[in-house]
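Dropping the structure in here first, questions after.
A, B, C and D label the chains in the order they appear, each numbered from 1.
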Amino acid sequence: MTKISYLPGHSGSPGADTLPPLAESVDYIGSLGKPTAARVLMDARDAGRVAIQPRCGVGGHEEMKALLRELEDQAQPDILTLTIDSHTRLKRFEQALRSLNRAPADLNGYPLVSHGYLRGRDINESVTAPLEIRHGSPDARILFDVAVASGITSFEGGGISYNLPYSKAVPLAESLAAWHDVDTVCGELAGLGLIIDRELFGTLTAVLVPPSISLAISVLEAVLAARAGVRCISVSYPQSGHLVQDVAALRAIPVLARTYLPPGVDVHAVLHEFMGVFPKKRGNAEDLIFYGALVARLGGASKLITKTYQEAFGIPDTRANVDGLRLADRANSPLLDFVKADEERVADELAWIVDEVADIVEPVLAAPDTMTAIADAFAAGRLDIPFSASRYAKSEIIPKRDAEGAIRYLSTGSLPFGDRTRRHNSDLLKGAGSTGPVIGSLLTGLTDDINYFPTLFREMKREDSE
Amino acid sequence: MTKISYLPGHSGSPGADTLPPLAESVDYIGSLGKPTAARVLMDARDAGRVAIQPRCGVGGHEEMKALLRELEDQAQPDILTLTIDSHTRLKRFEQALRSLNRAPADLNGYPLVSHGYLRGRDINESVTAPLEIRHGSPDARILFDVAVASGITSFEGGGISYNLPYSKAVPLAESLAAWHDVDTVCGELAGLGLIIDRELFGTLTAVLVPPSISLAISVLEAVLAARAGVRCISVSYPQSGHLVQDVAALRAIPVLARTYLPPGVDVHAVLHEFMGVFPKKRGNAEDLIFYGALVARLGGASKLITKTYQEAFGIPDTRANVDGLRLADRANSPLLDFVKADEERVADELAWIVDEVADIVEPVLAAPDTMTAIADAFAAGRLDIPFSASRYAKSEIIPKRDAEGAIRYLSTGSLPFGDRTRRHNSDLLKGAGSTGPVIGSLLTGLTDDINYFPTLFREMKREDSE
Amino acid sequence: MSHSERRLVILGVAASDSHAVANHLIAHALRGLGFEVENLGTCTPVEEFAQACEQHPEAEAVIIGSLNGHVHEDLRDLPAAREAGRITCPVIVGGNLSVGSRKDPRDLERLHDLGVDLILEDPAQLLPALDELRSDRTADRQRLPVAS
Amino acid sequence: MSHSERRLVILGVAASDSHAVANHLIAHALRGLGFEVENLGTCTPVEEFAQACEQHPEAEAVIIGSLNGHVHEDLRDLPAAREAGRITCPVIVGGNLSVGSRKDPRDLERLHDLGVDLILEDPAQLLPALDELRSDRTADRQRLPVAS
């Protein structure tokens, strides 16, 4: 890994040509006088509150600094984000640099590699909260090195979760190997006394992802990360929109961690506020934002990644981002202790989720080489995700919302589910007005499920009601 | 009443010299093409949502118009407010006019009488929501006439609730008579086909008002109003800050209406968001705003009057007012159906409240002349409020928060409570660490209770912990 | 302060203002400290303060609260009452001294211009302020403007 | 459209963009309408579209989705591919066509400048648009720019 870790910078990167040695970066982080992301997460969990974090990234350096400062000034998020642009994610550094030079506002994120680690440090020093890099890179090694050199203590992604939703033609073996390298450096850093928080992107393709798919893939990535030496793992889960299901899924995370991970690893549950099609009307979007935050609280999440009322339209402006953070933070109110989920139903749902995850992951973990087993399982459909961006997942499984809105499996594809699970899912879908996988109605049913919230808020009519 | 109804304008009022006949104003209101406040309240109740209304009033006419337009544009409140300045409330029209001419920004509300009804109509026409006049006038007759001529369909106040908290030396007999005149004109207007919503100011002195005091006084005012012909009565109740108590108090309103009012009167429960000492930190103030709105929903209120995060500092700017409205409206979210109060405790609390109210109001209603009986009862302390601004209430009762924060009676003064009620109150206070009415500790205890929310949010230390 | 000496203050809330709570508490607290408090309560015009001063020439101070933002208009007659020699003791004002949630220090200056001697934020400042005013007075035998 | 005639379109998502959902649904829907859909999926550079055109000279249109705001940079090579005669059929673009939540119509003009023929908002507009483009083509036997 040392070879990769100090890869010479790519052409055009103003500051990345020679990255400092790891130990220097560890010292630098110590000198910053701010907590690591891992520490912030631990403190939040101890205090029983949900740490709040925005999504945010713009192309220009000064613009990025101004954005973070304003977010911090106006909304005091616990952790800040550098969202990386789509070119950099796919190692299209040349395109990133061209946009940066010509029209930085055309970039949908901050091209950290192009800016280089000195600018990364400059950003780090201009805010008091620790930073996380949020991206979507099948191969994030260069980006990771620049991030560490920038003194950034949290890094999102994983060999499955940052491949399948984010690229078309990167074989899983490649992305798993690249992320193994990242995780190995995290292990080295832990040896040097610096714990990097590694968030796994359980959100996947974000749209109608069944909880057991999200959690199963996170379990596999977490096992790999822990083996490589990672000591702090955040398992993110995308809000489905169904209260009991979401609370159960979040609470399943510590249960799964106890089952599948060694004890020395600190695991946090993270909720990603609804990642699918957002309602357009501001009030409706805000209802959903608050609801998500409340779900995070009820599910015992350590952290919440927020959305904004502009979600349906495009990358939000700063003001909207501030408003989203503030609104979400209201769910941390001490006045809301009386708000409870239905504990019995949560326990029941949790048991089913844990069983489904076991069905999915245990055959893979039983194989001698986990990385190979993962790639093979995806090729065979024994692991799968809906709406894959990549050729390397089959997207055979068909999700469907039940009558109450929870996400179930209309078809379990080639997932290695037992009869019990299969029956449970089809029982649950009985009330959902599903006529089975007939092609036309399947599409309208799917579209309705995708547009669940705009429909719930009556911004749209159900297609199948026409 | 016709004499008073068309009182010649006072000196200096630009537009009020000759008010139009009632019938003309009724026609005018019909021509506005907007619903009355009474209709908006009915629709909200039918739709199961809480109508939202700001407090807002500034001195200048154009400034007032701009304020309302911006509130409507940004936050779409269901009903808008003209808050009247303190001079006008006390018929200090000369002082109001002087400030208006010299420094309108020095006024803490809109001096409608000084501006005159033509400007009132101009305001009415510039927004689509109906308007309410919110003030605090022991004798509101002139203001009411100008309001009706302005086409305003909701008018707050009452002979007790707009006297005792709002003036020092107006005998109750006078204010009751003045408000009888207002209510009588409402009856006339109902005869002409226009229902005026008459909101009673159950908030009273706002600080540590026991629910049964607030509701008892509203019952008495409501009985008088209904007798005078009022057909739509909003009973407002000030959030105490204790969930079960507040939900029970709001739900007691329809119960009390069925017991004490004739069936033809439409009665709405209205929550005034916490009216006491507000927390100073924005996030804490916002927590309280949202909590109040949730309480209104759980209590089945037809309407909520909002606060802003600037409450502790002064009259809010427009932006803060918009933010308060938007935040409160989130509690109307369809996603929060799962949030419930503890129904058993609410039912228990409600029964006690209704009993206490009965103890207080029934002796008064049994007397031959209700208005005289009210004035006599206040003189004797059989009716009472804490922290009276007026000499005509004894303020003998001493409120105290119990261990959970609900407002109880530490001393019931001369209220005609039975032993059962008295015992219940002292039982409830047993856990509250109260050492009985020793003067020094009484004051610190009271101060802690007044500063309940700043203390809860740790903006302040408890005085009695020093 | 020793319990033998008699100290009296005149307390009240400005003319257009009915906020009673702080007034109740301040009266209680000063009485607890041994003061005699002539509490005129809420909605008290300058004229009433002047009358109380005439009745109580021994008053150490007139203490006026104002919360509703109208203090300037409400104290409009203070210069006249001063000039006429009807209010000779120091005038202390406290509360929320302008309309709006952003405060401009010029609004406090305007109060000094009206003849207010001392502007306090916290009722806890009253006792030390009264003590200081009294020692100033005994020293100078005349009213001194005191900066806030 | 009669079921006998064969109609083929080339579909894909722009080079830096991995948003797959609309792409899946549009492919389904067009197939449901009887089209043959050569779906290149997400992250498809102009070069890949050009190759597909060469393989399928009968293609009625290239339909490109872009959600992530990068469409201009992602279609940067389109003019060259056009000039080289590698993409001759109409190019239709839809999705979220700039970064940010307030949209500037000039960003659509910039797309036309790159050689995009038609910009659509709603996938439901695809069928009528394809029909119209085809009748234009049969009429003129040449590609016409079509305003959006």
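Definition applied: contacts are C-beta pairs under 8 Å (C-beta built on N, C-alpha and C of every residue); 3 or more make two chains touch, one makes a residue touch a chain.
To keep track of the chains, here are their UniProt names: A, B, C, D = Methylaspartate mutase.
These figures come from a predicted structure and were not determined experimentally.
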(message) If you apply the touch rule, which chains end up adjacent to both subunit A and subunit D?
(response) none
(request) Compute the distance, rounded to whole Å, between the mean C-alpha positions of subunit A and subunit C. (result) 61
(message) Nearest whole angstrom, what separates the Cα centre of subunit C from the Cα centre of subunit D?
(response) 78
(message) Using mean CA coordinates as chain centres, what's the gap between subunit B and subunit C in Å?
(response) 31
(message) If every chain is a node and each touching pair gets an edge, what shape is that graph: line, ring, star, complete or other?
(response) line
(request) All pairs of touching chains, please: list them by chain label. (result) A-B, A-D, B-C
(message) Residue numbers of subunit D touching subunit A in their complex, please.
(response) 15-21, 24-25, 28-29, 32, 41-44, 68-70, 72-73, 76, 96, 98-103
(request) Provide the residue numbers of subunit B that touch subunit C in the complex, in ascending order. (result) 85-87, 89-90, 92, 95, 98-99, 105-108, 136, 165-169, 205, 207, 310, 313-317, 320, 387-391, 395, 439-440, 443, 446-447, 450
(message) Help me check something: in the complex, which residues belonging to subunit A touch subunit B?
(response) 243, 283, 286-288, 290-291, 294, 326-327, 329-330, 333-336, 338-339, 341-342, 456-457
